[in-house]
Amino acid sequence: MSNDKPMNPLEMIAYVLSRQIEDNEVIYIGTGLPMVAAILAKKTHAPHITFVYESGGQDPEQLEMPWSVGGPMTWRKSPIIMEMSYSFGQAAAGMVDKGFLGFAQIDMYGNANTHMIGSEFTNPKVRLTGSGGNNDVSSLVDKLIYVGLQDQNKFAKKVDFITSPGWLEGGESRKNAGLLNNGPVAVITSAGVYDFEPETHRMRIKTLHPGVSPELAQLASGFELVRPAGAIPVTETPSKEILQILRNEVDPSGLFISLPS
Amino acid sequence: MSNDKPMNPLEMIAYVLSRQIEDNEVIYIGTGLPMVAAILAKKTHAPHITFVYESGGQDPEQLEMPWSVGGPMTWRKSPIIMEMSYSFGQAAAGMVDKGFLGFAQIDMYGNANTHMIGSEFTNPKVRLTGSGGNNDVSSLVDKLIYVGLQDQNKFAKKVDFITSPGWLEGGESRKNAGLLNNGPVAVITSAGVYDFEPETHRMRIKTLHPGVSPELAQLASGFELVRPAGAIPVTETPSKEILQILRNEVDPSGLFISLPS
Amino acid sequence: MNFDYNQEALKNLKIEDTSLLDRLVDYRSAREAHLKKDHSQRDKRMSLHEAVAEYVQDGDIWCDSSFSYVRSAIQGWWEIIRQGKKNLQAIGSPNTNQTYGVMYGTVSHTHASYTGAEMRGIDKMFSRNLKEGKVKIISDWSHGLMAQGFKAAQLGMPGCFSKQGLGSDIINHNPYLKVMQNPMSKDSDPCVFVPAIFPDVVIIHVNAADMYGNARFYGPAVNDIATAAASRKVIITCEEIVSNYDIRYHAKGAQIPFNNIDAVVELPFGAAPGYMPNEYYWMRYFWEKFFSWANESEERCKEFFDEFIMGTKNVNELIEKVGGLDWVTKSRRRAKAAEGNNETDGVSFVYKIWENGMDVKDID
Amino acid sequence: MNFDYNQEALKNLKIEDTSLLDRLVDYRSAREAHLKKDHSQRDKRMSLHEAVAEYVQDGDIWCDSSFSYVRSAIQGWWEIIRQGKKNLQAIGSPNTNQTYGVMYGTVSHTHASYTGAEMRGIDKMFSRNLKEGKVKIISDWSHGLMAQGFKAAQLGMPGCFSKQGLGSDIINHNPYLKVMQNPMSKDSDPCVFVPAIFPDVVIIHVNAADMYGNARFYGPAVNDIATAAASRKVIITCEEIVSNYDIRYHAKGAQIPFNNIDAVVELPFGAAPGYMPNEYYWMRYFWEKFFSWANESEERCKEFFDEFIMGTKNVNELIEKVGGLDWVTKSRRRAKAAEGNNETDGVSFVYKIWENGMDVKDID
């Protein structure tokens, strides 16, 4: 891939997501963009992070992108491969700092749905994948980050099914439900970066990507986005050097960061 | 050890205990006499039995008597070595047929004590070992067999502490307590072999060793032994061939089957 | 035993006859089943046909093993389909291979945790079948909750508490789960009660086993150690049957003990078309075409599986379809390189998406 | 958190101040402790002295590891005693090494499951100390119940149900256990609720670890994988520090992951005078004399430990006492023969009972 091409939206998401990772963290990774972001982070500002996978692999020798979270690239010469129950157990015990999840729908409190679209469980419009490890990751890791494309349907007034609990109904409701962990701290989309207002726990604009106005972000949302006081910063974009690393070292075949032609 | 010596009481116990083992069984084994008995059984009438140990070893290659249930003779080239929780779990799941336990005290319902002698837990006359795996074995294996020397104190009217539940207060009390398994089926002592009367679950004389009368057995008991209808059979004694196997192959150094001189 | 189910979940799932739920959590019957087995170390070798005929019954709770495309006992599963077994309850974390079993009537009920193709997206075939009522979800799980249920079964726990599932709609769609107060806490501390779960039958594919069933594998165990201990009937398929000495003297030892096992089937390529650690790469041609055609339409889907499952008698015929010995050697090298055991230089892992007209050479 | 203890057990154990019970079951504080750690892969090597000084505090719940005389981190434990740490709560299944710690004031409270010398009988020293109030039992367990408590902690379960303990007096002498109805059953089905348990500190001795703490061992794990995950602080002592590559490329891999670990101490013979799988046989002279003298009287007991623990600065001095290099070579061969890795012919495992006046040559 030519390095002169302008940055595309998927590359932007991958970059922004990578910036959510701090050095020294242990992080839950799935396939796709979170994987790209995590590898980019490891190759740039966060060399001491450790990747863990729900299927049991930990800290594999990096070679290629995994095509499955059970595949060999998730446990290539791992020091340890855990049983699935143990893998989640370590997150419950406080050994995993961060997790990354996608969503089909997400609401203003960061409750996310990967179960179904429709109003009737036994006869959905579309059955999605179900939880897999999503509910466990959202319930157990210290800090949760969502990533996905943003539109009015995906940013839903009400999700059709809560697969992954966010801040539930806001306020103290998450804590009262008995959940152990911090809950979602950020949502990264094609439009911007969101966090959650500390008291109400409603989704709040943190930064918007270049060219995205608050009005445009709001148009692409089914619920009202909280606007912070003052001007909204523009999301930092990747430098040329980082784009090069992303394109040449992280995903050289462009599987995850090329837009379908 | 000379093979012409007459059989001693420990050898008798080892032999009688070995006859409690049926072929094909999976059995929990500790150190000492149960080990001797199990190896004798495997070398004679029960070649297809499998030894499992609470500390995790399973089916070790036989070499020497173990000096600890965690020692190398319990897992020498074992096909698998389990974590302790898994080892007991397989008994809960119904994979272990029989267990053998000693006792410091045992009552008429087969409740056994290896915790303490005395009436006050915080200031016992003697603190014994505690449960170790005894409570787990007695709660989980399909059939439980006790082995020990018999006297008025050990065959106690009331045990000072129930480490291993037998038939509790008899009748349906064991089942009502929620216990999964069959409970004790036999007690092997220096005097005889006891089973439990099917309705009341009181300890009953099954056979008595040569030279032991029912009156003598009763004298060596702190509670009333149930006598079966009819004549009480004499416990079968080991043949010369079996004594030879026991002395030459099972415990050649006589560590467990020699009486202290 | 009579069981006390989550009533809200029963309503949401429209389950009236709860008897079909009982066996999964009936730990006493699982114990009884285990106790009744011959526990001796004996020769348990038999053919795949015999093992499936004897140990899989219509209506059984069938458990998938390992992780969808990785070391799953797919050839055992295909034999279940070929033998026309009916109305199984499917369970597994993930439970992705169930989906084509629904098409053949093999699966009628599911304990759902994940059905899909990971980064290739959702499973439209499963979604269609669910809408049409060909398969019913009778309990909905997360991977972690199900893993705890399996592990509880292995460790002699009738149930356990979890901090997963809280606040989600999963607990309203699973008759086995209940929100309960932590008995240890005076303060409010809601937990999810998860019962131990006991499949009727699991087939587990491993690298090596001895004739008694002591089994050794590489790569993630996922839930296999737990489900082997929990399931009433366990079939091992393996790349090779090794001597008992090999199991004993190999540094890795066995991970699954013989006393769990009912049948041992020597079945090289038993995880194909999936990936087998240290042995062979997944058949990418198969999977890419499968995902594409199964998503496209019911007819395409049927055409695909009629060729690959119903149109083959055994795994060797499948391998011939994707290149025979050529595939075997290439696939072996690729798997070993992926794992760092063979030289990676010159081995391609490049990913290609299925397009109509492609053949094995385009996506090997 | 405020905890709801078994009141009958509190009464039977004469515990008035329950605050000393809290930390063992406070899963939230264990999680917090784990979250606060630096999770990076970094060089954690330090001396045994440093590790114990930094990670063992007076009053900690100290957990013994492995199985009494087999792969237990005895040299780590002796260093705790030598440094004069006080008033530890001792826990472990078995919890046999605690007993001489009581004599030095290192241990004041115990979570009891087993203290004794197996076929050598009960521990009279422990019995004496208990009667004299030098150590108090604050919870009584079976091995299996404790193992479930550790495992629950490892697997993210705040607690679990068990079919062990029912009908026994253990449940009346353990403030953490409660008889409860199985929530899944409509019929009466009493179970024992077992909370997840979280020691403050465990020292685990292994065959090999890398500098980050990924640890590999042979022989039984017992509860070590679980306690490493559960404990707030974990010290690894190891026969050798190997490269991270060695851990990755060795067929057995690691059983304990680096993120559990706070300190890595290279300490050859760290399990001595106990047995170390694949490395050395237990020091039979030591143990036979110990059992005999400790049973005999308080004075003999003190004399013994003043020589062996207080009279040595490190394990090398201990080894010199029992034969030095001679012991090392003989002991290594004997361990490897016991495990089937060296030729057994000509290697003696004969057992001798201690008699006064015996020396190392008589019981090597």
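We just call them A, B, C and D in the order they show up, numbering each chain from 1.
Note that in this section contacts are C-beta pairs under 8 Å (C-beta built on N, C-alpha and C of every residue); 3 or more make two chains touch, one makes a residue touch a chain.
Since this is a predicted model, take the numbers as computed values, not measurements.
**Q** Between chain pairs A-D and A-C, which one is joined by a greater number of C-beta pairs in contact?
**A** Of A-D and A-C, it is A-C that has more C-beta pairs in contact.
**Q** Taking the mean of the CA coordinates per chain, how far is chain A from chain D in Å?
**A** Those two chain centres are 41 Å apart.
**Q** In angstrom, rounded to a whole number, how far apart do the mean CA points of chain B and chain D lie?
**A** 28
**Q** Taking the mean of the CA coordinates per chain, how far is chain A from chain B in Å?
**A** It comes to 58 Å between the two C-alpha centres.
**Q** Hey, what residues on chain A touch two or more of the other chains?
**A** 61, 77, 81-82, 85, 88, 92, 140, 180
**Q** Scan chain C for residues touching two or more other chains and write them down.
**A** Counting only residues that touch two or more other chains, chain C contributes 144, 148, 151, 155-157, 163-164, 189, 191, 249, 340.
**Q** Dump the list of chain pairs that touch, please.
**A** A-C, A-D, B-C, B-D, C-D
**Q** Would you tell me which residues of chain C are touching chain D in their complex?
**A** 1-4, 25, 144, 148, 151-152, 155-164, 176, 178, 180, 182-187, 189, 191, 193, 195, 249-252, 340
**Q** Note which residues of chain A are touching chain D in the complex, please.
**A** It comes out as residues 23-26, 48-50, 58-59, 61, 77-82, 85-86, 88-95, 97, 140, 142, 180.
**Q** Touching residues of chain B toward chain D in the complex: what are they?
**A** So the residues of chain B touching chain D come out as 30-32, 54-57, 61, 63-65, 67-73, 75-77, 81-85, 88, 92, 115, 121-124, 126-136, 139-140, 161-165, 168, 173-174, 176-180, 253, 255.
**Q** Mind pulling up the chain C residues that touch chain A in the complex?
**A** Touching chain A from chain C are residues 12-14, 66-70, 93-94, 112-116, 118-119, 122-123, 126-127, 130-131, 136-137, 140-145, 147-148, 150-151, 163-170, 173, 179, 188-191, 219-223, 225-226, 275, 277, 282, 335, 338-340, 344, 349-351.
**Q** Which bits of chain D are touching chain A when the two form their complex?
**A** Those residues of chain D that touch chain A are 28, 30-35, 38-42, 153-157, 210, 214, 229-230, 244, 247-249, 253-260.
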